[in-house]
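Each of the next two complexes has chain A plus one more chain, namely chain B in the first and chain C in the second.
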Partner chain A sequence: MGDINTAMAEQYRNNFLKEVEANVEEGQWVKMCMQCGVCSGSCPLGPAWEHPPQEIFMMIRAGRRDEVLKSESMWMCTSCYNCIVRCPRELPITHIMHGLANYAHRLGLAPKMNPTRRFAKKFWNNLAKSGRVNEIELSAGLYFMDGFKTGIARAWAMKDIGIGMLKAKRLNPFGFVTHKGCKDKKGIHRMLKKAREIEDRRKGFAA
Partner chain B sequence: MARKEYSFYPGCSSERLTSASNYMVSVEAMCKKLDVQLNEIPDWNCCGASIGYAEGGELPRHVMNARNLAISEQVNKGQDVVATCAACWLGARETKDRLAHDSDLLAETNEALREAGMNLQYKGEQEVRHMVEVLIEDLGYEELKKPVVKSLEGIKFAGYVGCQTNRPFGIVGESFENPKYLDKLVEIVGGEPVEKYDQKVTCCGGALAFSEPEKSQAQIKKIIESAYDHGAEMIVTPCPVCQMNVEVYQGQINKRYGTKFNMPVTYYSQLMAVAYGGSAKDAGLDGQVIRARKLEEIAAKGAR
Partner chain C sequence: MADMKIGAYVCQGCGLGERLDTKALALVAQKEGKAHVVREHEFLCNGQGVAMIQKDIDEGVNRVVIAACSRRAKAEAFNFESVAVARVNLREQVIWSQPATDEARELTQEMAADYVRMGCAEAKKVLAPTANAEHGTNKRVLVVGGGITGMTAALEASRAGYDVLLVEKTGALGGYMAKLHRRVPYREPFADPQATGIEGLMASVSQDPHITVYLNSTTTRTSGAPGRFSVDITTESGQTVTENVGAIVMASGFSPYDAAKLPEFGYGKSRNVVDQAGLEELARAAAAKGEPMRRPSDGKEIKSVVFVQCAGQRDASGAHLTYCSGHCCNTSMKQAMYFKEQNPDIDTAIIYTDLRTPGNGEDFYRSAQRKGVIFTKGKVASVDVGGDGSTTVHFHDLILDDKAAIMKDVDLVVLATGQVPNSGVNIDIPPAASDVDGAKVGEHAVSVLNLTYRQGPDIPQLKYGFTDSHFICFPYETRRTGIYAAGPVRRPMDITQAVEDATGAALKAIQALENASLGRAAHPRSGDLSFPTFRREGCTQCKRCTVECPFGAIDEDEQRYPQFNEGRCRRCGTCMGACPVRVISFENYSIDSVGSQIKAVDVPDEFSEKPRILLLACENDAYPALDMAGVAGHTSSAFVRTIPVRCLGSVNMIWITDALNSGYDGVMLMGCRHGDDYQCHFVKGSELANYRMSKIDDTLKNLNLEKDRVRVLEVAIADIGRVPALINDYAAKIQEIGMSPFKGF
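Up next, the complex of A and B:
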């Protein structure tokens, strides 16, 4: 990953905006931002962003590549779409933030321990495995991702919620074994592999 | 033949013993009374949800949604696709929109889809709709009122619309800042909607309830507090993520903030299932973590 990062930085030397336009989902919209700040003021987790969206847009134009891509900021997006519907220039801000986070993640620059990055990765791998989300495996995987001891502590802290869900029959304690997922798992795996190949080629991730 | 037929995309959280299985139970009861037939898309897969972006990227997410839609085009010809889950609807509809406006992405999507076999090809023939849209636009409030046999009179509901059935697409004719459809649905079944529920479209934190619990629970606290402030006895919502987040973390919020929240959080379809004469079980009320006692009482009244 480090090599791809160096290659990208070289290719777009001093022009981070061009890099974003070429490789980030909906990146071609970034230059349309007029710095009004409605997005930042509309974000439910606004205060938690080190650099709110409006600032991210300006930083991209200012070529502050490392600061943007290594930031925890985009990982605060809850996908509430407030920014999208309020942006006077109708920029697809939510998608751009997702795109930036994904790009940073693929380049290996995203903060390693960011909890949302780690959860998002687990979530995708979980759904891609059988074609459908296996909720018990996802939750358990989340608790135990830092080892057995922390896992037990986390599971204990969440036990009331787990018991509540079990009682309400909204959690399958045997889901590890009984979760079926899609019938055509192989087809889905082939399809996703192909999609990843195409995207990697288009975005320059392919070797 | 049923009055209306749709190609149904239930989504992961609707399966048996999953987080929104009670939603599914109530939707089945509601649709039966409304004579609406849901034809499940065979072997449907996950939409990737919003949080799928980080690892899934762009094309793989669209391909997942396109597979469902392509199967639907093949099997449930001429029917609109309807989703009950807000995230499923959003994901599928986003894909439809993007592929309609980007011919390169469409070609790439179909290239990947070919690998899935079944001669799948996404054409974009069918509309992608949320269950609420179908109820309001295809049936209409008047029709939705007809099967009501029990009024939910005396219960005050905070209509919590949340994000993803509201933005970025929303329900036609509704505003993003103050959508009214949920309040109207409450009125139809005889309940009393909270007029000025100021946290109606506040985000519950979505998937970040798992990864950033403190930040999400601060959001959830506002949503519940405002419901109490306006005298609501229950919250009602159209979204499985909203429902779960707002219902199940109340214990943790109470510990964190010293509050005494114990607010039931229901689905619009549960209200309708009860008002249409269904039992508590038909309405999936046995699937509440915080029991909706008042609804249970009404459901028990004159039970068949």
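Up next, the complex of A and C:
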């Protein structure tokens, strides 16, 4: 992964904006930001971000590649779409944030222990395995991803909700063994592989 | 006057008949007003009513008193030529400003009776004005300056059928615009720089048979007045011709702010730091050769350009220009596009603090962003010039709050310096004072018009060296009647705005010379035929009128008496207000015409509990506001007697002292806002009135009266709800301090 990062940085020399335009989903919109700050003001999690969207766009233009790609900020986006609705320049800000997060992840620069990234990875792997999410496995995986002791503590804290869901038949306790997934798992795996290949080729990730 | 015959007409329409005893009013006009003919009519402004008045006029009535609605209403119906008309405002400011109750009836009637008395008193003292016989009739327009503004003004005036003289200082027409490579787009889709088209315009001007162009020439002497200006046009070689013109458009344009004053941005240290004009030069030279632009220092390929916005502008420290020139953001975007056109891979960054894109600039801004021009919100601190010719721009990134932000390996830096108006000499600063203000705009100024006016050789300025104009109501007007400023000499502007400005100024110039040829005033009393005259034997030559006239209309003759140039006069009466010996008057407005109204009011005695408050209201804003307050149904004190004045500047102190001496309990003055953001229609009138009234305390002390007996207020035309409150406040104050001790003398 580190190789891809170096390769990309070299390919675009120090023009990070051009790199973003080429490789980040909806990245071609970054240059259109007029720095009004409405996105940052509209974000319900705004104060929790180290760099709100307006700032990230500015950092991209200023060529602060490492700072942007290693940032936790875009991982904070909860996809509420407030910013998209309000942006006077109609930038798809939410999508750009996810695009940046994804790109950082692909380059191996995303913060390793970022909870959103870890959850996203677990979710994707779970989903991609059978084509359908195995809920009990995903929950258990999340509870126990930091070790057995914390896992027990987390499960205990959530027990009332869990029992409630059991009673309402919203949770299958035997899902570990009974989860079936989709019919044509192999077909799904082939499809995802193909999609990945196309994207890699388009963005220059292809080996 | 022996043959004076007053006709007084009391209207009963619009509720006047129900609310007032018009018969009693007619009796007042007859007995106290000494009207020769008195009539009541149920609908005075209809054809029958007007015909009735006209019949009386035909039979010898030469002063008409119309006791009906405000002078601002039905002006056309009651427009009787050749007779003086006094309007008594019984509708808006009596019945509509008083409650319609039985209890209020007595005071309302007293109010109406007073106004009838005042109207009759005024009618005795005014004449129908006749035009000054000495007005000029020249209908040529002189345009000073051959740039886009001047050429547009010349063409517009020519197309309207007027001969034009166009004087240009340099050897060619075109001005600053001819130096541009391209202009900011002015047509859909506002996306790319457009050809200036200046060559076509220059050709139309030179081919126009109605336009005479004087190149390499300046106006070295300008005298006279609208309709009869005499102008000396002198060529570089010293040859002078004298021409007569009716009106003047001053389109002397701007000079770019001197970038040499910005050494911190590397200007002068490297040829790779240029101002916007320098870049246009570069672009034109390259385009002429059909080559791409190259680094001026060594001819190397340009890979990176940085535009520094607000270079020497919007400067809070006061060392440079403090204002925004308005066009520079669009201009920098346009220039960045020159490079994007040359090669889209050239990095172009615009460092700005606030991007301001007037007109359709917002579309242009988007277009620049689409083309990959980088916009960085920041404030440039310095530009370092490296040995190899490339520069480093240090700036404070305002979004990331990075004080040490830099842009390295910059091949070309473009400074967006502002516009400095070419407005000539600042006549408000005495010559000696310019040394103190050495760094200020306009140093070593050379006069543009060389006016022979007593008040100085150029048009008065308001701020930052831009010529003074009434921003809200009369933007093209200067404080020299018949001379109109247009283009960036009036305020910072771009080409599109300058073209609009030039068109407006050309039309105003035409209006001025047409008015002048009939002996009529320009705005705001447009069409007014009256003009000031003075009683020579009473004049003490104090020169207050010549100094205070906001329009420089008054010179001094060889014997040092004031010489009124009626054509330059706006009829505000500021001279009349200033005159300590009260020798200045108009045919239809004089110390006497107002003074006799003041004295005509019936002042009840001290024990009546009926105070009298005189309200002198500016006819431009305060009086309409009072009228509209009545229309809106706001009531106010019935003890106020209002007299409209042309401007607070025309208020002579004698009116105040006379009023107080004859038993009025208070005097209110309502005029327009003054100061830098003035709204005074005569620019300085309100300010002068305020200054004069600031000295009223001594007079009041001498009379042994309280300070609150006189109150000066600023009122805008929209203050409809506020004026009745101001009146009532003051009435309450008068109640509090008690009745004047001067009653009954």
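One rule holds for everything that comes next: the second predicted complex is superposed on the first by the 207 of 207 C-alpha atoms of A that agree within 3 Å, B and C clash if a C-alpha of one lies under 4 Å from a C-alpha of the other, contacts with A are read in each partner's own complex, and residues count from 1 in each chain.
Rule of thumb we're sticking to: a residue touches a chain if its C-beta (ideal position, glycine included) is under 8 Å from a C-beta of that chain, and two chains touch if they have at least 3 such contacts.
These figures come from a predicted structure and were not determined experimentally.
In the overlay built on the shared chain, the residue A:K149 is in contact with neither chain B nor chain C. In the superposition on chain A, A:V85 makes contact with chain B only, not with chain C. Note on chain A: of its two partners chain C and chain B, the one contacting more of its residues is B. Look at A:R61: by the touch rule set out above, it reaches chain C but stays clear of chain B.
Look at A:L17: by the touch rule set out above, it reaches chain C but stays clear of chain B.
Of the two partner chains, chain B is the only one that A:E199 touches; chain C does not reach it.
Of the two partner chains placed around the shared chain by superposition, chain C is the only one that A:Q35 touches, whereas chain B remains out of contact. Against chain A, in their complex, chain B makes its touches with residues 12-13, 15-22, 43-46, 48-60, 62-64, 67, 108-109, 111-118, 163-164, 167-168, 170, 176, 202-203, 205-208, 210-212, 215-216, 219, 248-249, 251-252, 286-289. On chain A, the positions that touch chain B within their shared complex are 25, 44-45, 48, 76, 78-82, 84-86, 94, 98-99, 101-102, 105-106, 110, 115-121, 123-125, 127-128, 131-133, 135, 139, 142, 160-161, 164-165, 167-172, 175, 182-184, 187-188, 190-196, 198-199, 202.
Those residues of chain C that touch chain A in the complex are listed here as 347, 355, 365-366, 369-370, 372, 374-377, 397, 399-400, 402, 405.
By the touch rule above, chain A contacts chain C in their complex via residues 15, 17, 31-32, 34-35, 54-55, 58-59, 61-62, 89.
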